[in-house]
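Quick one: this structure, given as structure tokens, is what I'll be asking you about.
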């Protein structure tokens, strides 16, 4: 499996504080990588570095063999790397459909193509029924899914999902897991942050554990759940 | 979007000069006011594009209005051309100015952008006052003879310009640009992460908006025949007025600027001329503004549903 | 969606159908003035003066038996609004326009009046350009800005004989043209202009620029200011002990009662150009000034006097006119040659101006807190004080 | 450098500092309102105008010194501000509008009504309070007879300046040492966090608007002896307020006074050495440079310094 995304020795400082220190890992093509760690471990910061909101203070991020750290978020998105936000950021006063159309414009040659693409994605993510609802009126579960739909509409090769399942009720959770699986079936590589252990264990091919901005472990779900350090640092105090 | 309603309204507006035939009506007076209303509709639509749709609230549209007006005036004074050429010439001039202004101001977000644009408007006014050799300074520019005595032609020109602007903004909003503008307004970070080059699209919005506003300025020179820095670069009477026209009418709506211009210009004029009110007309108008914004925070069009709800019990009683 | 539009349109229709008739034995004259905004003060002085004149005219039988009925509309100093008002008046059949204050508004009104072939009597707007447009229907009763300082300049040439002058002026059309005119006059007299600088009207602090003036040691400091800047300038000049042979102002801010009221002892001996003073020997001038003072507590400025006199000029023009059509009144206006409280009024075409009244100007000096006319000598109400004592000597 | 040139430079600097102190006071009210509420208040100058009329009235009726009338104007403006915030601004801030800037219309409306009411009540006359000390000044040559240069220090300007410094110090003390002040600062920094910590954000906003109005009212009283008054006097000071707020850093009292002083000195130097007509351009160019390059204003520079050490 060739690496699609390589994170090489990435550190990120804020003022004097280190949010990430020398983190290395790779994500293989077609893989689902789970990124876990206690609160404040630097998971979202890692996403922000990969996605281009922050430039790494040291180290670099390589995507499809090209160095992308230092590029702007929109340029990185244009190269096929899309993300969702932990705190959902829908375009509040747009309808669900328009939200997705907006993203679809990135690759669509014209409006008709963008709409067609968006409609397909809404069906794929089971949002078709609420396509005309203004997105700020959607319940949280659907807004979370809209985040995914919007990211998908940019036709990415890789998707960063930041707690896309947090705060969902059990039936919504099932649905979202199904959607993530189907995204994987489409051949899209996924990196996912998730607190929900059941979710992360069931969908990840591999897991990277961060604590205090450093990589603690890297391995298959089985390896991770058996790793005593991880259990001590994370699972032990976790209440999941 | 259909164009039936706009065309119908345009047709209605196109026959307005016929009020000339109605006995006892001050046709010239009303046409003057209509011309101002239509001119403000354009300024409003221009502001709406940048601030309403793209969310970059400008407090400095007088800058573009003034540059447009001075382009016209200077062509006349310096090159002896008809000031009408200013309409054409203002496109590159205002566009270039907007690029430069955007380069500086669009790095800023929210209220900081707003404050920076206030400064731009004021700086341009003072520069125009000080470059006496070039702009004529405070003496302004006077066009010796206006093209027509009758207002009909002015009215049709500005109406055509407004119709064009309406159509243009409509097309923009329905296109990819429109989606991107609104995306930037709603959440700049999300937009950026969805592949939108926010700086580029904000600049596009600014330049388009500026050029439209510049047209209004160039028209103003031709129509009024006199400009000076304090008039065309006015903070309160142009920049803030542009904001009020759109906000009272309805931000990010098709008809907001139109209705806003009607309210802000015609209503202001009608209130001004109510007998016995005298100088208190500002108070009346100020109270009207306060009431509108408290009860209809998204403007008359934006809160049309709310307005209807407010009016309904009144009607049944 | 449709309802607001319908409402707006019905309001419109209603407004359009308002009747605008007038009674036969009345002559209704509506005057556009800035009654709100930054220059409202002058609008108010003029309004009061117009009212006083109308009262007097009506008491003596009106204009050819018709009662003069005055109305006022507030232009707030905005050219568009001024134009709207005048469009309405002309359309409504008012055959003559009188009023407005700022030059920007007067230019807007003049252009409309000329296009509509309706006579317009400018009362207090000074910008030279207004009567330099080959307009046939625009008359101006007050002197053009280029000549505002004539009397002062002659005083300077004959009495002060300075070698250098510093000119400070505010960034308005009035300030700019006043300063330009003074620069030309100074050149003619062989006076060296050591500094000519403008300032943003309304500034609170002039000390930096004044200390620069101080270091240049000019013989005369000449300042052109609309309103209160004048008193601030003098107060700060006194505070800095900026010494010059003479401090002088170019009318407006230096010739209103507030100047002395605010600057107090700093205003003493300051000389200003003006078009009119309450102590002039023109027929009716003192009576008007005293009446105004009893009624409103203060002497009027020359703006008021000009407004007051303008209605008598209008009466004269309309009495002499063959009919009260626009053309008739225009011809009547052109034929006016009379004495007023504002001085002689006659509209001439010369020096590139049309229909311009070249009334002689005056120089006044603040003496013991009062404005005294000092120049020309035949109009003087008191002898001039020159040389003036230094600030230190005044303690 | 000749004596005359030194005199000009020193006199310019003195004027600049004095002017800066007054500017700071205008900026103070605005900086705390903008800091806490992030709103653009275009009625700021009009509130100052109200303060000036209060001082004027007290002077005209009872011959109370404008400086003393601060004691009346401050509470009066405070309540006016509280009322405006409570009944007009807060309802508008609460509604969900596409652009939060719709509050601007509200402040424009308020400003219009205030200025127009002043025109109706007081006429458009120019008013002043002709106090005896209006042109009083201290002179260097009075103190030192043989001084080669002459410098003057205006009495009313100096008094106003000292008041401004005193008020700033008191405000700084209030904001950094009292619970109420700390709550206000918390609200300014992070509204949501403050709310979680149990700060009554709405009450803080009301109080802040009152405080800001009171401060600008005080500025009005201090300006009156050296300036003049008419109903439309406010507008230009609103702009000055913006410049100082940005120069000093949103919500920073110390920033406001330093920003005010910088602006005062800068303007005076431009007036002397470039030309007074250009001084306002300089003001707004500096304003934009700060906005773009030092978005936190002077306050952020100060903070950086402190962390660096």
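Which chain is which? They are A, B, C and D, in the order written, and residues in each are numbered from 1.
What we mean here is this: a residue touches a chain if its C-beta (ideal position, glycine included) is under 8 Å from a C-beta of that chain, and two chains touch if they have at least 3 such contacts.
This structure is a prediction, so every number in the text was calculated from the model and none was measured.
Peer 1: Given the touch definition stated above, what is the smallest step count connecting chain A to chain C?
Peer 2: The least step count works out to 2.
Peer 1: So which chain ends up closest to the centre of the protein, judged by Cα positions averaged per chain?
Peer 2: B
Peer 1: I want to compare two interfaces, B-D and A-B. Which one has more contacting C-beta pairs?
Peer 2: The greater number of contacts lies at B-D.
Peer 1: Averaging only over C-alpha atoms, locate the centres of chain B and chain D and give their separation in whole Å.
Peer 2: 32
Peer 1: So how far apart, in whole Å, are chain A and chain B when each is placed at the average of its C-alpha atoms?
Peer 2: Whole-Å distance between the two chain centres: 43.
Peer 1: Go ahead and note the Å separation of the Cα centroids belonging to chain C and chain D.
Peer 2: 35
Peer 1: Touching two or more other chains, which residues of chain C qualify?
Peer 2: Chain C, residues with two or more chain partners: 35-36, 40, 171, 198, 200.
Peer 1: On chain A, where are the residues touching two or more other chains?
Peer 2: 93, in rising order.
Peer 1: Using the touch rule from the top of the page, what residues of chain D touch 2 or more other chains?
Peer 2: As it turns out, chain D has residues touching two or more other chains at 98, 116, 119, 277, 280.
Peer 1: Within their complex, state which residues of chain D touch chain B.
Peer 2: Per the stated touch rule, the residues are 34, 38-40, 42, 88, 91-92, 95-99, 101-106, 108-113, 115-117, 119-120, 235, 239, 242, 246, 277-278, 280-281, 284-285, 287-288, 291-292, 295.
Peer 1: Touching residues of chain B toward chain D in the complex: what are they?
Peer 2: Touching chain D: residues 51-52, 55, 57, 59, 104-105, 107-108, 110-112, 114-116, 118-120, 122-123, 126-127, 129-130, 185, 235-236, 240, 243-244, 247-248, 251-252, 279-280, 282-283, 285-290, 292-294, 297-298, 302 of chain B.
Peer 1: Once bound in the complex, which stretches of chain C touch chain B?
Peer 2: Chain C reaches chain B through residues 1, 3-5, 8, 11-12, 15-17, 19-20, 35-36, 40, 72-74, 76, 78-81, 83-84, 87-88, 90-92, 104, 107-108, 111, 115-116, 127, 129, 133, 171-173, 175-177, 198, 200.
Peer 1: Any idea which chain A residues touch chain B in the complex?
Peer 2: 51-53, 72-75, 77-78, 82-83, 85, 89-94, 98, 101-103, 105-106, 111, 114, 150-151, 154
Peer 1: Give every residue of chain B touching chain A within the complex, in rising order.
Peer 2: Touch residues, chain B against chain A: 174-176, 179-180, 182-183, 186-187, 189-198, 252.
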